[in-house]
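Multiple structures follow.
Look for chain A in each of the two complexes below; its partner is chain B in the first and chain C in the second.
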Partner chain A sequence: MQIKYFATLRDITRVSEEHISVPEQTLEELIQFLCARYGRSFAKWVSCEDGGFGSLSIFLINGTDYRSLDGLQTRLKDSDVISLFPPIAGG
Partner chain B sequence: MSATFTQDEIYRYSRHLMIPEVGLDGQRKLKETSMLLVGAGGLGSPAAFYLAAAGVGRIGLVDDDVVDASNLQRQILHDTAHVGELKAESGKEKLLALNPYIEVNAISTCFNSESAAGIARDYDIILDCTDNFATRYLINDLCVLTGKPEVYGAIYRFEGQVSVFDSRRGPCYRCLFPTLPPPELSPSCSDAGVFGILPGVIGTMMATEAIKLALGIGSPLVGQLMIYDALETSFQRIAFPKQANCEVCGQTPSIKSLLDSTQSCGDATLFSLSPDERITPSDLAEALQKPVPPLLLDVRSPVEQQISSLENAVNIPLEQLSDRLDELDRQKEIVVFCRTGRRSARAVEILHSAGFPRVKNLTGGINAWVSQYQPGAFQY
Partner chain C sequence: MYGWTGIILRVNLTTGEIKKEPTNLQDAKLFIGARGLASKILTDEIDPKIDPLSAENKLIFAPGPLSGTMAPSMGRYDVVCKAPLTGLLAASNSGGSFGPEIKFAGYDLVIVEGAAKKPVYLWINDDNVEIRDASEIWGKNVPDTTEALRAATDEDAKVACIGPAGEKKVLFASIMNEMHRAAGRSGVGAVMGSKNLKAVVVVGTKPIAVADPEAFEKAVMVARKKITEHPVGGTGLRVYGTDVLTNILNSVGSLPTRNFHEGYFPNADKFGGESLTAKYLTRPRGCFSCIISCGRATKVTNPKYAGEGEGPEYETAWGFGSDCGIDNMDAVVKANFICNELGLDTITMATTIACAMDLYESGFITGKDTGGLAVKFGDADTMLKLVEMTANREGFGDQLAEGSFRLATRYGHPEYSMSAKKQEMPAYDPRGIQGIGLHYATSNRGGCHVRGYTISPEVLGVPFKVDQHATEGKPQLVITFQNLTAALDSTGSCLFTTFGIGAEELAALLSAVTGVTYTVDDFMKAGDRIWNLERLFGLKSAITGKDDRLPDRMSKEPIPAGPSKGEISHLDKMLPEYYTLRGWDSKGVPTPEKLHDLSLA
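And now, the complex of A and B:
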């Protein structure tokens, strides 16, 4: 599937998008996989550390807010585009 | 009593009066509308100019900051002659020069939980042009609690976001981002840098939404987040739902009054390090002469080293520090620095909580060091 990173997440991953081939899984499993790959700086933004995934950043699956789908239990397909948006505050 | 116009005003606004969606009725609505811009910086600059030009009857500019030369790369409401002056006053002068037929209120006080309600009371629409998370949540809560529409804009380097929060008919900022990020995850433009024209695009879109709200035309960005990527020249519009369990606009809200936000103004109090955790440039100069000098840790981005640098410093950008602690010797004394001492203060906290015993923050950052010990090198 295609993963797109924005703003501060992009600074951590150092890529704006990438393809990841994984067996069918949930959004929660994907986030855990990405946290293991990109480490604590990344995890802070997606809140893996305290178990509250997504409370800081929002996740889109094919442009739709994951909270409008099945939340973290949303099942992903290989053709999906997942976008990860952290909040930004500059002005 | 509805607003009236002089011949001069009619001529000034004539190109609006010729559009059916605005017309004389719409122009009258604009003149009768008041808008508060919280922040007269990157976003507030273009927004304020267009709102004034459009004939919004009363504009409030809140900002307790003064114009700095490093603002002028993007904050076009101010100019070289106004460096050192209050932004709200500098902005007021510019807006009235553009359009003397409107009223502009310069409010040079800190917008926090104590002052916010009083400042915003007499305005119809609030524009969030601030530069920090704490004030953004404060503005959101205020608008929800007082039933005002809010136009939101935010930027980071090459990316911008725009939305309209109106909890009477859609989601609010807390529905979108429920949790206030901790200070160490909140880089400002002065720490992160920003592509100067980006706030021009986003601030102008904010003004567009504000004018649409005042006129009651088109489809405002309620429940929609517009995301702009200047590098890719892409706009992405996403829908986000109102959250039934939102802490401020949900069915059983826990936030019923403004939360304390005194940390939102100024940056000195954000990270209070003890004297043991700080080192002045002169003490560092002395320490570097010792047989075992401290390890210098530069937490700026690599590109900043092209402007100024310290010899033998190790570079680990702040956003990567948590994942690269293994590269540092825990037994050594470490002096951390950045541009001004803000990012490095966060780094000191990260290192301390990771168990590094002897870590100090260079007060004033490399700018302070350069001014005393590297004549000819640049401050920025």
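And now, the complex of A and C:
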């Protein structure tokens, strides 16, 4: 699947997007996989563990917010485009 | 008085009379300050039917009771008048330090009346106030004007001025303070130009009295902690600025593109906040007492577009970017610099050019109308040329200077103007995000995002997440945001404090500073009161409930591609409930009971 990183997450991963081929899994499992790959600085923004900001982060699956789907239990397909944003705002 | 200085400065440019009047405490309690109190005074004093560019209009510079205090991010003020772009009340909000400086000089508001016979500027040095000749600076751009006036008065003076666009009464001319901060929307700069007022220059040295210093210090520390610990207020905005929104709006398929024909722009990343930070940002900048610092000091090094200044904000990058079909970030940043230097509202400027591109590509405007210019989507250099031509009302720019509604109407196709109540909609597609569409349609100043920023829950999930495509619950959500923002604007606070604090903390700050007890309900009711006051003026001046609408394109042309493909606005489903919840009748008129409840009857 295609993973797109924005804002701080792009700075941490040093890529704007990458392709990851993994067996069918949930969004939660993908987040855990990425946290293991990119470490604590990444986990701080996308996970709720250790006081992280994950509950305020924005995860889109093909442009739809995961909270309008099955949340972290949303099942992912290899053809999906996943966009990951840390908590952001503006106006 | 505490928080409020208790003095209003009134200057009549026709007669030259300068007066100092007591602030009406009862009105101050009910309407707070800034947007609210200035709107109350303006609506009491002018006939809603006046020509906005006549001497009968008044121009009010309005900080709030929290302006100039040590509460966090209290650098905002409003410029209030009848707006030339819409015929509605304008309350254009700007940051920097100009608003607090008015308070330090000892004034709650500065009311400018009448019109001078020749160019003048107003010099406020604490108690000493003078109307001075501005003939030598008339015609200068904003940076040159600012530097000349600092040299003529005080090197630390805060300067709010117009550029050539305001002098030429471009209907969306801005008032710029401290060079880069804009009271942008609705044409307040044109009103200033119509009064032959080039600038207001202020130096103040007085303290602001606080009713309960101990309670205030406590409330300040609570607010600071909540804002700095919030990942958005404390980190995100400082690092990336507001333009970080470009990629998220594009990713959910609601980044208006090519005059709102589409909601997705494949190259949006080129002008997003990540690119701005990587290639253009020299340092973040904050307003008075700001702990967020979303401002961007920026520089373009490409010789073709070279320049230095501040910004762009998200709405500006979007407007000159995807709405014009342009992915050249050098040109987008340059367009923002030109708007700031010449004194133009970037949102209406960009969207009016997008409208012209749309009309041209549809064949309704030809080279005969444009003076030979091919005005096509994606042409960055023509876009830049049109910005300068508009500010100077040169050639086809003279038509653009009237805004997109009048431009499109001139060519027989008002439906090409992406505006509500003649003011252009900003950077969030109301087909893909239902609540913001209801807000656009009902906003008291026409197309506008900041007075009811439902994007926060609908897209960003702050402070909670709701489905952007749903209509259920949106009328109450919009009303809550509209009322909260009306009250917040009236304190002098920055809207971005709400990415950390809300009505409870703002009411605590306001109570401690003024000595007037505001509960959360009192605070929200003040917002409701201000909203209804603005509505009443609009109904008398320019609109009926039939104007609570969006362009037909929003309900008849589904978003053609991207994540929000197939979506249209369902405004008609939401509007009746909005009226009912507001306490308005079926025609959108506040009922007598509602007005009595708000002490507006």
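Brief remarks follow.
Here is the rule we use: the second predicted complex is superposed on the first by the 81 of 91 C-alpha atoms of A that agree within 3 Å, B and C clash if a C-alpha of one lies under 4 Å from a C-alpha of the other, contacts with A are read in each partner's own complex, and residues count from 1 in each chain.
Rule of thumb we're sticking to: a contact is a pair of C-beta atoms (placed from the backbone, for glycine too) under 8 Å apart; a residue touches a chain by one contact, two chains touch by 3 or more.
Source: prediction; values computed, not measured.
When the two structures are aligned on the shared chain, A:65 is found in touch with chain B and with chain C. Of the two partner chains placed by superposition, only chain B is touched by A:39; chain C is not.
When the two complexes are overlaid on their common chain A, residue A:56 makes contact with chain B and with chain C alike. When the two complexes are overlaid on their common chain A, residue A:88 makes contact with chain B and with chain C alike. In the superposition on chain A, A:12 contacts chain B only, with no contact to chain C. Judged by the document's definition of touching, chain A residues 6-8, 16, 45, 56, 58, 60, 63-65, 67-68, 83, 85, 87-91 lie at the interface with chain B and also at the interface with chain C. Chain B contributes residues 39, 41-44, 128-133, 136, 153-157, 159, 161, 176-179, 181, 185-189, 192, 194, 199, 227, 229, 232, 236, 238-241, 243, 319-323 to its touches with chain A in the complex.
Residues 230-232, 235-237, 239-245, 247-248, 251-253, 269, 272-274, 294, 313-314, 449-450, 453, 455-456, 459-462, 465, 467-469, 495-496, 499, 562-564 of chain C are the ones touching chain A in the complex. Across the complex, chain C is touched by residues 4, 6-8, 10, 16, 45, 53, 56, 58, 60, 62-65, 67-68, 83, 85-91 of chain A.
Contact residues of chain A toward chain B in the complex are 6-8, 11-12, 16, 38-41, 44-45, 47, 52, 55-56, 58, 60, 63-65, 67-68, 83, 85, 87-91.
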